[in-house]
Structure formats: C-alpha cells, structure tokens
Amino acid sequence: MRRYILTITCPDRVGIVAAVTGLIAGHGGSVLEAAQHGDLQSGRFFLRIEIVADSLPSGFGPAELAAAFEPVATEFDMEWHLSDTERRKRVVLLASKEDHCVADLLYRWRAGELECDVPCVISNHEDLRGLVEWHGVRFRCVPVPAGADPDAKSAVFGEIDRILEHERADVVVLARYMQILPPAFCAARPGRIINIHHSFLPSFAGARPYHQAFERGVKLIGATCHYVTAELDEGPIIEQDTRRIDHGDSADELRRVGRDVERSVLARGLRWHLEDRVLLNGNKTVVFP
Amino acid sequence: MRRYILTITCPDRVGIVAAVTGLIAGHGGSVLEAAQHGDLQSGRFFLRIEIVADSLPSGFGPAELAAAFEPVATEFDMEWHLSDTERRKRVVLLASKEDHCVADLLYRWRAGELECDVPCVISNHEDLRGLVEWHGVRFRCVPVPAGADPDAKSAVFGEIDRILEHERADVVVLARYMQILPPAFCAARPGRIINIHHSFLPSFAGARPYHQAFERGVKLIGATCHYVTAELDEGPIIEQDTRRIDHGDSADELRRVGRDVERSVLARGLRWHLEDRVLLNGNKTVVFP
Amino acid sequence: MRRYILTITCPDRVGIVAAVTGLIAGHGGSVLEAAQHGDLQSGRFFLRIEIVADSLPSGFGPAELAAAFEPVATEFDMEWHLSDTERRKRVVLLASKEDHCVADLLYRWRAGELECDVPCVISNHEDLRGLVEWHGVRFRCVPVPAGADPDAKSAVFGEIDRILEHERADVVVLARYMQILPPAFCAARPGRIINIHHSFLPSFAGARPYHQAFERGVKLIGATCHYVTAELDEGPIIEQDTRRIDHGDSADELRRVGRDVERSVLARGLRWHLEDRVLLNGNKTVVFP
Amino acid sequence: MRRYILTITCPDRVGIVAAVTGLIAGHGGSVLEAAQHGDLQSGRFFLRIEIVADSLPSGFGPAELAAAFEPVATEFDMEWHLSDTERRKRVVLLASKEDHCVADLLYRWRAGELECDVPCVISNHEDLRGLVEWHGVRFRCVPVPAGADPDAKSAVFGEIDRILEHERADVVVLARYMQILPPAFCAARPGRIINIHHSFLPSFAGARPYHQAFERGVKLIGATCHYVTAELDEGPIIEQDTRRIDHGDSADELRRVGRDVERSVLARGLRWHLEDRVLLNGNKTVVFP
C-alpha cells in the first residue's frame, strides 16, 4: 500500500497536531500511523505521520501535498520531510572483509524485509565480491593502501564520493567498514551515514571492543547502531542491544555472539531509518518504531 | 503536573485526530503525550491524549472539557473516558498467603511509582496482616471455608462486594489470590479486575503452572498480567514476560525465578492501567506504554 | 584443537566422576571442559567431558580410549557416547519454500560457526535450489504430491530415507519443512531429528502459530527447537526464546519478527547438538551450553 | 539439606578433578553439584563442588574433611575454601537514603531467598530505620558530616569498622551507600564488599549515571554488581543486566526503570556470593550460577 510519510520537527507549542491533521483530513487523507514526542528539555516537538496515498484525491500527489502543507510548515517554523514509499531509498553498503552484516542485510533485502534499493556494495577488499554479486548487486572494490597518507586517503574517498554520486545513494551503511571516514565526508551527509559499532557505546569505544570487553570481564556484550558524525563513535545512537556471556567465553566466542547482536541491531536501525522512523534531536534520536 | 487523560475508541474514519486535537487546541490545551492505533482487522480506532490541565483556561476543568467534547464524541460514535490525575484511582488488592506481589505493589506505591490510593487489602488468610498494616493500609480477612459450597462462596463474595463498595474501589488486583471468582463478580467489573497468572499464557493455564512447566521441560518461564473475565485465564492480556531457566532448576527454583517475573509484569500492567494506557479491543488490548 | 567428547548417562551414585576423571587422568588426559547434572526426580546422572586429544599418549586414540573406558561404563551401568571432533557430524537439512532458516544455517556453516558437514539439502519444492547450490551443497527435490495418500507419502519418505542413507546423515534438521513425518521415520532416529517450531511451545502447537498468537493477543512471540518424536510438537525441548511484540504488529509482522527468533533458536540448538551438549532425560533435555 | 561447599583455585594441570573427587568418593561423599573452569589465558583452574553432608560418615564433619583434603591441596598448590551451609554468612548492609535495594534484599531475606543472617543495617541517615527495624534487623546510624575532612571520615569508618567487627560481618553490601570508602577499608576486605553501580560499567562510571545516560541518548540502561577495590568502579564484575528505554523516558523515568535492574542484579550477585558461586580471577570473576 502506497503511503506518504511526513516527518516534522519544530518548536513545541499549542495546535501543531491539530493544524497538521486538520490539513490532511481536509483533503480526505486517511492516517495509517502517527506518533509524536515533545522533548521537555529542548522544547522541540517531533511528529511522524503515515498517510494512505489512495485516500487523497486523484491528482493530489506528493508535490501537491507538499505545496498544501507549506503554509502550515511556515506558521509553525517546521523542519519537515515528505517521503513517498513508491520512491524507495537507495542504500550503498561499505564493507571490508567481514561478511556477517553484509550477508544479513542482503538476505533481508532480498526477502523483502527492507524497503529500499541496494545498487552497490563498496569494499576495500575483494573478499565479498562473490556474495554480493550472487545477490545481483554491483560490487566495487576501492582499495585503501596500507599506511595511506592523507593525499592517498583523500583520493580513495574522492572515488567513493563519485560512486555514491553515480549510484544516487540516499543512505550509506558502514557494514563493518574498517576505515575511518574523513570529517568532510561525514559532514556532507548528516543523518545519512549509519554505522554499526561492535560494543555497547559508550563502553569500549575505539578499536577491538571485544578484546576490551574480554579484558574487563563484563557479563554482557552489545552493539550500537548510530549515525556517523565527524567525532568517532560519538554520533546519535539509533539502536542498541546486549547479549549475555560468561567467564567461559573466549574473545573469539565474544566475537561470534557479537556478530549476532551486530546483525540484528544494524538491521533494526536501518529499517527504522528507511521508514523515516528516526528523527534527529541534537546528538540524540527520537525513534518511533 | 496535573493532567487530563482522554481515551477514545471508535470506528476508524477520516478526521478523528483532527477533530479531537482541534477541539483541545481551540481551548488552548497543551498536549503532553498522544498515541493512536487503527486496528485494520476490527476497523476500530484507539486514541489516548494527555492534556496539561493548567494550559486550559481557568474555570475550564474536567466537566467543562467533557461537555465541550460531547458533540465530537457523538459525531464520531466514540466510547470515551476522561481521567483527571488529581482524582487518583482507588486500588484494592486481593491476596491469599503468598506475599511477593502484595509486598512489591505496596513498596512501589509507597515509593511513588504507582499513582493511586490503596485503601485496603483483602485476604482469605491472616498471614499478610503485619506487612499490610505496616504500610498504613487496612487489612480485611474474609476467609473462604475449605470445600465451600456455592451458597457459602456466594456469601464470601457478597462480603467482598460490600468491602469494595465501601472502599469505593476503582480497580481490583488479584495479587496471587488463590480463589476462583464467581462469574457474576467478574461480569460486574469488565476491564477493572487485573490478575497475574504465573505462566506465559496460553501455556500452562490452570493450576500449578510451575509444575507443568517443570514437567514439560521448557527453557523459559513466564508470567501474564490480564483482565479477568468469566472465562478463567482467557481474559485480555495486558503484559507478559519470560525468564531463562535450565535443567538444573527444580520446581522450587522455578517458583523463585517466577516470583520475580510475576512482580515486574504485574507492576507494569497495573501502572499502565492506572495511567489509562490500556484500551480494550475485544478480547485483546491496545497498550500505549 | 582436536578433542574427544565423552557424554554419559547413568543411575546416580557415589564415585562416578572420580572413576571417569581418574581413568582419564591415569592416561595423562587433559580435560578442557566438564559439566554434570544429577536429576533428583529421575535419579539419573549426566556427564559431559571434553578431553584434549593431544594430551593422551600417541597411539591412544578414540578406539583405545573407548576400550579403556568400557569397564568403568559397565561398573556404573552407563549409556555413553564418545565423539571425536575430527570426525564431523553430517547434517542434512529438510526444507520447503521458506528460506530464512536454511539461509541462516548455511551462512553460519560457511562462516565456521557450525562444526559439521552439510552434504545435502532436501526440499519438496525447487525454490531454494539456487541458494543451496551457491553454497556448494547438493540440492535434492523430493516433491510431495498435494493430497498424497499414505502410499504416496510412504514412497516420498522412502526416497528421503535413501538419500539420508546415501549421504550418511547423522542429523536431520527440519528447517521449516512443512510436511508431517511418518511415525516410523521419527522412531528410527531418536534424538537425531531437530525441528524448529514457530511458537513458544506448548503455546500454539499445530498449524499457523503466528495467526493463533495474533488472535490471542499475546505480548511476546517465541520459537522452540526440539527433537522430533512420533507425537507432533511434543518432543524434548532443546532451546526456546521470545521477542516482544505489540498491538500494532500485524500477523505478517509477527512472522517477520518470528523469523529472527526461529533462526537464532535453531542455530543455537543445532550448535549445542553438534557439540554433544544436549543429553536426553526422558522427554526433557539436559543442555550443557 | 546441609551441604559442604568446596571452592578451589590452582594452576591448571592433569588430575585435579580426579584427585578431588577421588578423595570425596573415598569417604563416601555424594556430590550434589560441581562446576569447573580452566582459564586458558591465566592458566588457572577453578572448581566448585557441593557435597551432601549426610553422605559422609558420622563424625566426619567440615574439620575432618578439611584435614583430609589438606594433602591434595598442597600437592596441587591450591587456594581453597570450605563452607558449611549450616554456618550462614553474616551480611551487613550499608545504605544512605534510597531504600529500593535495602527493601528488596530484606524482602528476599525474609522470604528465604537469601541464605544468610542480616544482623544489622548501617546508614549515614535515619530515613530507613522504620523499614529496617520492621524486619527485626538492628539499624545503626553513622552520620557522615557534610564536607568531612579526612580525619572526620576516618573516624566514621573507624566506627563502621567496629560495628562490622562486633556483628562479625562476613560480607558488606553497599546497597546504594553514597559515600566513597577509604582505600584501607576496601583493601582489608578483598572479595567481601559488594557494590551495586547504577550503570552498565564501564559506561557512565562515576556520579549520576542516569543523567549521563540520558544526555548520551543510549537505548538501554543497566546496572553492575561488583566487588569493591580501592579503585572506584573498577573492581571485578559479578553480574550485569540492561533494560530498554526510549526517547520518551525522562531522567526520572530512567531512575525508576533503573531501580528495578539494580535490585535484581544486586540480589542475583549477592545470592551467588552467599552460595560461594563467585571465584576471583585477577580483576575478573568466574561465576558458576
């Protein structure tokens, strides 16, 4: 069923929902789902509404809805976005050698669990080519020379930039991509790069979190799906989860258990992003699952 | 902060939220929280809105809000209810000898986690008197003679009826009350008697669920908080949860682990009920947590 | 690291562990892991020991260890089994059209998470051929004619029998195989056929458990991995887990969430079986994870 | 049922279990439970055995068992401890104003879930006196003057020391005691002071973890039960758990949810300690639950 998804962020005040739902109802629009949140700390209001496309008059499509909505948006000083489920988001995955996240996302995509197009996977290694191409997805290898100096790195990400442009990527998913992105690359895509970190952030930020967890003797390990910002491991958190471990689990076994948490946390986070269920609130997120 | 909580159930159609929020905004009402659900199967719509009392004009209290709302309710054929957080619900607990649920609810009530009055605990045994009275709550013992015939039982529940009437009980919580309620007693209080069943229903309905679970060799045990109907263990489910067990756990250990699940599931279910977060949808519930 | 895994079941009495570990230590055997359980109800004792193969004298292999162990086994009336991790178990999957369990198991097998050989997948449909063959695994389609009479069904399972024989299958995994197995087929493989049931048994046994769960309005759904016996959905439970759902989830969404539980529960159950961590105790299991 | 619990730590080598169980079996001792762990990293071996007291010859009590065990302990260079379940550990709680952990532990103790004596609760405030004394437990108030200088603090902990001595405390539980212990006080009781920290360590160490969690926007909060060492929040972790929260939860609501995790994590950790299920392994723990 085709739907339009309207997401709104604005200063909180009386009458926002009445104005938005009044406008939609005035055009006969049927609301399938709606969720809202008022943040008492920041004074910001967050709203997400799914409208059944066919309930609007024929000829009244996304452009007409947006135009009709403009005055309301201006009145309430809204940042807003209107998605059309018929225009699927284009997702490009970045990966290295580890395949568990890529395999899981491609499986779910093929099974219809993720409403998006996946035109391409980019990796700095050749290892995942077979897996990716079997799913009918282009595989592009952009190697990162060991000990690459800033210029070399800059060339690498210039190439990745060009591929993303060419593929018209809406979202970039770091599916265990083991390279640090240049700050400018991140800054150009706020809220559009999703990473999976293999720890329960802020615990064990940085490299080798399973070894850190093993050394500290924690009783649960976790994973964190977050938007990437220029500050490593500090971006807004979308989703997290944990799994129980015990003294008998080696660092290798933590990795095995951890792969399962990573896969499910990343898949949930990405699905919510694709369905416009994640709104940014400063360095935090509002998630309407 | 004083709030009015409006809960609505009605046939789903265009314009419900616009009409309700429009009315509230028209009186300057500030919405703190709102949640909605359209049930595609039954075609029913469910809405819960929390309004900041002080945002409405002075002199415009619950009665005035209800009167103003009446035309909207009629237009959309709504079943609705308006609560005022200053008028706390009155909860009476029924218990037998086991104290874990009573102790937990009284603790949470005293700690301010449950917004209600607890005027009285009724039990068919004397065991819990000390615990209850230490919390400053009346304790009423209404024994049920062993092997009571229907007439004797009827007298018992007549007495309980009178106490509930006298205490002006809004909600009855069966906190491990080990007697079966007469159908008429249940029918008189639809959606107002809450039970905690010590299994993950519909598994192990009936008596001694931990023994049934032990015999079957399940790897998780659970608890179910549900509204009581005339059909035993078949009422609408409010909340459930499970805990992991293993082959080394005896039936006694299942009971110990189970007590923890029961306490937390019942406390969550009751809190949601007290905050008007649970709406009935046939034999199911809509919960806006 | 090559290991011998000894599993033992016998009547409980004094001296079992001393006798077994004494024999192992007497040959210089190093124990990597050991776990035991005495069942007070049945009076049975369960033991699992992993021995580092290289710690035993050269020339003292599984056959020699078994021979040395025989007198102890006789003395204590033991049922016992000795596995050698170098002799990987051979697993044949049975599936129908749904691919989530097959895809997950093949992924984990290829990733080295499951220590076994997977020579073949058998299905009553052609749908999974591409997926299976991409993993380098033989795919055998054995159709079951719609409305097959007993003779036709008997022919089908005769064919499956022959394939299992030919592939020297140690374990059969029903990875969402939508056919009921003939009792004789089950009886011939006690503790060697593993099924994944898409509910938290004993809730919602039988067909269409997600629809049953949706109709009942439960707040958690689950999955159960169990050994298959002649009595449908009644075999010994190996592993179970649950996931939270809510009133907003359609029966389709329950299926999506449920697929994730099924995959992880089946993978854990199979891994434990492959590592000889599951011992039968009547219609229950002892699991040493 | 009276049991002797033997816990052992020693360098890992062939024959430990055979020697220990051989000795026990030689005296006719019946083993109720046993668990072991070999730590590949440190090369240390950990063993816990529960022996049914009545299975040993009459007159062969803990002292005789210990004497008989001494040669084995020497041979294998063991650190070991023998507990007698008839000699219940004495637990003293330290608390401040918050009552949720104290109330929960006293409830469980009274309900028979914690096998120990609780002679006394010490607090730096008077608030919990009524609760504690209702349970028949002595309440001692040892105030800590605001802005106490080192000398004043030293006097406070001298007084606490004397009370612990007088009460013959085996274990000290910091049940939300909001004072930092002097290093010497900690050093004198290695593995005998248990703290509950209201975060999933190492995340949000230090003060006000729920505020830190709220500010960071995490999607789960947790609690950590650990042994106290001179280094704040860095001691060996016994148990941890997490609960899901969302953007709608205020810092106050995190505290409410958090109290439930704290209570259950502390109760589990303490129960395991009381049953000698927690063995120290450097700055980590081995837990045989």
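In this document, chain identifiers A, B, C and D correspond to the written order of the chains, with residue numbering beginning at 1 in each.
Methods note: contacts are C-beta pairs under 8 Å (C-beta built on N, C-alpha and C of every residue); 3 or more make two chains touch, one makes a residue touch a chain.
No experiment lies behind these values; they were computed from the predicted model shown.
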item	value
Chain separated most widely from chain B, comparing mean CA positions	C
Pair joined by more contacting C-beta pairs (A-C or A-D)	A-D
Gap in Å, rounded to a whole number, between the CA centres of chain C and chain A	37
Centre-of-Cα separation between chain D and chain A, whole angstrom	42
Of all residues in chain B, the ones touching two or more other chains	33, 248
List of chain A residues in touch with chain C within their complex	33, 99-100, 103, 107, 111, 113, 134, 248, 256, 260, 264
Contact footprint of chain C on chain B as seen in their complex	37, 39-40, 200-204, 216-220, 222, 236-242, 246-248, 250, 281, 283-287
For the chain A and chain B complex, residues of the former touching the latter	14-15, 17-19, 21-22, 24-26, 28-36, 38, 55
